[in-house]
Each structure stands twice: as structure tokens, then as C-alpha cells.
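First chain A sits with chain B, and in the next complex the same chain sits with chain C.
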Partner chain A sequence: MWLPIFGLILGVMLGLLTDIRIPDEYSNYLSIAVLAALDTLLGGMRAYLQNLYDEKVFVSGFFFNIILAASLAFLGVHLGVDLYLAAVFAFGVRLFQNIAVIRRILLSKWSKSPEKNL
Partner chain B sequence: MTARKVLIGRGTSEMKVKSKHFVLSLIGLVLGFMIAFSYNLTKDKIEQPKLSNKSWDRDFQLRENLVEQEEKTRKLQKELFSRQEEVTSMEKQLSKEAHNYSEITKEMDKYRMYLGKVKVKGKGLEVTLADGDYNSSGDVNNYIVHEQHIFKVVNELYASGAQAVAINGQRLTRQSYIVCNGPVITIDGTQHPAPFVVSAIGDPDVLEAAVNISGGVMEQLVNENIIFSVEKMEEIIMEPVLGSK
Partner chain C sequence: MKKDIKWGFTGISIIVGLMLAIQFQTVKQPKIKDTRDGWELRTQILAEQQMQSKLLTEIRELEEQASSYETKRSHNKESALKQTLNELKQEAGQTKVTGEGIVIKIKPLPEAELLGETIHSISPELLERLLNEINMYNAEHISINGQRVINTTVIREINGEPKIGGFSLGSYPITVRVLSSNAQNLHDRIKVSKVIEQFFIDNLSVEISDPVKELAVPSYQNPLKIKYLEPAGQE
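And now, the complex of A and B:
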């Protein structure tokens, strides 16, 4: 249970400690990738809470979404169209939907469990 | 996400749990790294632009100033060039004028010399006319120097290129008059007694030759019992004619 959290902390440490400089125009891709990653993570959480969780789907979705979002932004930059907005929009909407679903599930669980306990 | 129901219960094998945790931790690692990296990057980016923005502003301002100054400089330079040209032309004109003036002054000097307004100096000839010895026979008038004798000498000297003539040190001008007045001669109102020294500035050789020419002035004057002597002078100084005489 603690291993994923430890991994997260390690990742944050690594990210803060690395002194790699990437050109400014690539930072857009990174933010999109972060958004995609967050979206996938929340999706995974929702799926887990809904008992729909599939590890393969989750892991492949995680990396594939990151790459897709980054390449979409890349394509957008090279076509002169702000395609990364599409990714931002899509991921943002899904992010909120996922959060809403998670909240509802948690709320229902929380409201159910006290009844059980009582 | 397609709904593919997979139940991962607590009862699954330990292997599966471990691999699941491993994968999850890997994902956590990647996510954490990305977030932290992005955060770092954005922080730098936010900090940097502020600085560069300021410096850019300043740069822009300075550049604009520079451009303005350069334009001003160019304008001023143009003006300077045109002014310089003006000055050059003025100088040329001035030098021309100065040249003219110097020419004029030279001419004026020359004319002044001719007019006897300035002191003149030069080589020349001195002719001395003295009354002849009167041996108490005949008319005394035949033995003294008369105005026409002086006229002859003066005219001869002028004719042979004398630039200035003076009698007994008094300059003759174009308006001078010579009047015979008994034993004395009046030149421009000043009386001069004999002997009369007619000095002339000019080429001494030419003047002498002109005076001594046979049948010329000297012979005539000598025939009229006048003591005539000629002397070449290295330097004759003539005082200017004073006033409006």
C-alpha cells in the first residue's frame, strides 16, 4: 500500500532535484502530459471505486494518454493550430467528471457505512 | 474506458498484489516526477520573464533613446555639413575680398605715391640748377634760373619715367604750380631760392641719359648760362605733401 506513495514522493523529489533545462516551447507539452496523467489517474481511481479497474487498461491508458496529449500539442504547434487546447479541454472536462463521480461514490459509501456500523 | 469488469479481490495471490503495487509505484514515480518537473520549470519561467520583461522594457527604452539620439545626431550632422559648406564659401569669398582689398591697397599705395601723399624712397637722379656767374655785362636775367628751365627739367624727368619729382625737397603733385618770382621760385605757394635741386625717383641710368642727351635739356640749359650738375643717387627720400596742397 505504501509503495505507490513512496514512488510518488520519490518522483517528486527527483523532479525537484533535477536541474535539466528544456526549451520553453516544450514546457507546454509537459503540462499537457501532466494533465493527461492526472486525468488517467483519477479515471483509474474512479474505475477502482466502481469496481471496473483493469490494470492493463489503466497503465496503457496512463502512458498512451501522456504521449497522445504531447503529440497532439506538438502537432498543433507545427500546424499553427492550438490543438493542445483540445487536449486541455478534453482532459479538463474528464477530470472534473471523474472527480464528481469519485465524490459521489465516496459520499454514498460514507453515508452507507455509518448505517452499517450503527 | 470500456467497462470490463475485473475484480481484484483481496484473495488474489501475493504475486499479483506485488506486481500491482510495483506498477502503481512506477506510475506514481512518473507522475510525481512530471508534476515536480513541470512545477520547477513553470516557477523558473514565471520568475524569469519578470526579470527579462523589466530588462526588455529598459532595453527597449534605451534602444528607442539611442535611435532618437542617432536621428538627432544625423540631423545635426547634416546641419553641420551645410554650415561648414557655408563657412567654406564665405571664407572663399572673404579671401577673394581680402585679395581684392590687398590689390586695392597696393593700388592705393601706388596712387598715393604718385599723388605724393606718402613718403617715398628709391633710387634716382638729382639735377642741380644754379644761377650762372654774372660778370656784370649783359642782362642779369640771362644768368638766373627761370621757371621754364625748371619746367624743362621736370618735364624731361617725367617723360623719361620719373615716378616722383621734388624740388628742393618739395614734392611735386599733379596740381603743382611753379611760378618765377624774381630771384626765387614759388612752388605751390612756397618760395625756394636758387640753387634748385630737382630730385627724381626712377631708373637713374635712364634719367641721366634722358637729361644728358645731346641737344637735350642739359645742353639747352648750359647754353643759357645755367650751372647744371647731375648726380645719380642710391637713395632719395621724399617727404609727403602735407595738407591739400
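And now, the complex of A and C:
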């Protein structure tokens, strides 16, 4: 359970220490990609808690979602329509849903475990 | 958690963390606040504009040169080469040059001679300072006592005797000839320059002639030693 959190912290440290910066024009794409990645991460956690987790689905979904979101933003820039908003909306909604499901599962787990102890 | 699940999750979360950090750094990038006021910005713009116009002139000159080479090359290869050689020789001080310029004469101060003070020979540092000053005011060709001053000319003291490229400068007066396309300007600026006062401290007087229309500066007489240059290979 702790390993992924440790990985997250490691990644943040790595990024801050190496001082990598991307050009301003691409920061839009990266923000969309970050959103997609977060969504996938939370989706993976939910799936794990629901015992539906599949490594292949998770890893492929991660990369596929990022690429899809970035290409949608790219298409939007070229069409002159803010298509990235579609990605923001979709991922945002899913993010909330996933968090809600995770919360419910965790809550039910916690409320069950004291009963066992009693 | 199963082992393989752990590693997949960890890898993905490292990537997510990295992306987050990069995005964070990119967004907060303009950390330094620009506190310059309008006036400072205006001077900055002016400086940049001057730089731009200077560069543009340079580009135009080089382009003209290139196009003249191009036309000359198609006409006559040899004459183009000869002209280039002459231009380079002139730049390196290998030719006699005549033109507008001023003559600066350095003599012992008569009052000091009257008082019986010993007049030392001119110090190389003082002479170098004078040359630097002259060069600062757009001098093009300089000679000292008939010795052409080029980029590699050395002024130094050998056994207490000031020498320029091996020629002694022990006796007075010392004559400095300076050619410049704007001799009047050079004359005016040198006249009020601080370096003249430095000469006065050394009991030397500096006499600056009015601009002369036809002034000759001899060529550099010693062979030029080229240590590090090599002919480029054929491409």
C-alpha cells in the first residue's frame, strides 16, 4: 500500500530536483496529461478495492488516456475549438466519481471492522 | 497487494509525480518580478534598438561584400583575390596609409628643464594609456616615431629603455601620428582627455596639432610572425 505513495513522492522529488521545464506552449498538454494520469491512478485504486484490478488494463489505460487527452487538446488548438475542455470535463467527472466510490468502500470497510472486533 | 500489482502501480505513480512536478515548475516559472519603471524600459528599448541598427548595418555591409565577391568571382578570380589580399594587408598594417589625421608630439616640459629636474624616459604604461585613449576615439592607423602600431605591437621597457617593437623611444621628442576619418573629433577629444594631465605629472608636455588633411603613416616593417594560424583544408 505504501509503495505507490512512496513512488509518487519520489517522482515529485525527482521532478523538482532535476529542474525540468517545458515550453509554455506545451504546458496545456501537460496539464491535461496530468489530469488523465490522476484519473487513471484513482481508477486503478478503485478497481483494486473492488477486486476488479487488472494490471494490463491499468497500464494500457494510463498511457492511452494520456495520449488521447493530449491529442484531443492538440486537435482543439488546430480547429480553434477548446476541445481540451471536453477532456477536462470527462476526467473531472470521473475523478469525482472514483473518489466517491473509494470513499464509500473505505467507509464501509471501516464501519465493518469495528463490528468484527466487538 | 500482489507483487506485480505493486510494481505497476509504483511505476505509474512515479510518472504521475514527475509530471506533476514538471507542471508545477512550468506554471510558477516567472518568479522574478519585473520592477523596472517606464523610463528604465525606455532606455532598455533604446539600447536594444541601437544594437539592432548596428547589427543591421553590419549585415548589410557583409552582404554587400559577399555580393561584390560573387560578381567579382564570376568576372575575374585573380583580381578579387588580390583586392582581398590588399584589404587584409591594409587592415594588418602592412601598407603605407595616407589620410586625414593629427600629430601628437611629446616633449620634456621646458619649465622642468629650467629647474634642472631630471627628465626620465617615457614610461610604457603612459604610452599604452595614450594609445588606448586614442583608439577609444576611433583612431584607424597609428605610428610612433615612424613605427607603425599594429594589434600585436609590444610597448615595454628593456633595461630601463622604453621600446616599441624593438625600436628605442629613449630620446625626445616622440611623435605619434594618428589617422582617423573624423580627425577633428579625435583632436577635440584628445585635447580634453585626462591622459594629457598624466603626462604633465611626468614632466612631459603634449602638443597636439590641428587636423592635417594629408598625413602619412608608414607600414609595419618587421615580418609578421603567425604562430597559430594554419591554412584551411580544401572543402
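Observations
The criterion applied here is as follows: the second predicted complex is superposed on the first by the 110 of 118 C-alpha atoms of A that agree within 3 Å, B and C clash if a C-alpha of one lies under 4 Å from a C-alpha of the other, contacts with A are read in each partner's own complex, and residues count from 1 in each chain.
Assume contacts are C-beta pairs under 8 Å (C-beta built on N, C-alpha and C of every residue); 3 or more make two chains touch, one makes a residue touch a chain.
In this text, all values refer to a predicted model and were calculated from it rather than measured experimentally.
Taken together through their common chain A, the two structures put chain B and chain C in a clash. Legend: residue contacts after superposition of the two complexes on their common chain; A:G43 is shown touching chain B, with no touch to chain C. By the touch criterion defined above, A:S113 reaches neither chain B nor chain C. In the superposition on chain A, contact of A:S60 is made with neither chain B nor chain C. After overlaying the two complexes on the shared chain, residue contacts for A:F6 are found with chain B and with chain C alike. In the superposition on chain A, contact is made by A:N51 with chain B only, not with chain C.
The single stretch of chain C with clashing C-alpha atoms against chain B, selected from 21-29, 111-119 or 219-227, is 21-29. Annotation: chain A residues 1, 3-16, 20, 22, 24, 27, 30-31, 33-34, 37-38, 41, 53, 55, 58-59, 62 touch chain B in one complex and chain C in the other.
For chain A in complex with chain C, the residues that touch the partner chain are 1, 3-16, 19-22, 24, 27, 30-31, 33-34, 37-38, 40-41, 44, 48, 53, 55, 58-59, 62.
Within the complex, the chain B residues that touch chain A are 1-8, 20-42, 45. Across the complex, chain A meets chain B through its residues 1, 3-16, 18, 20, 22, 24, 27, 30-31, 33-34, 37-38, 41, 43, 47, 51-55, 57-59, 61-62, 66.
By the touch rule above, chain C contacts chain A in their complex via residues 1, 4-6, 8-27, 29.
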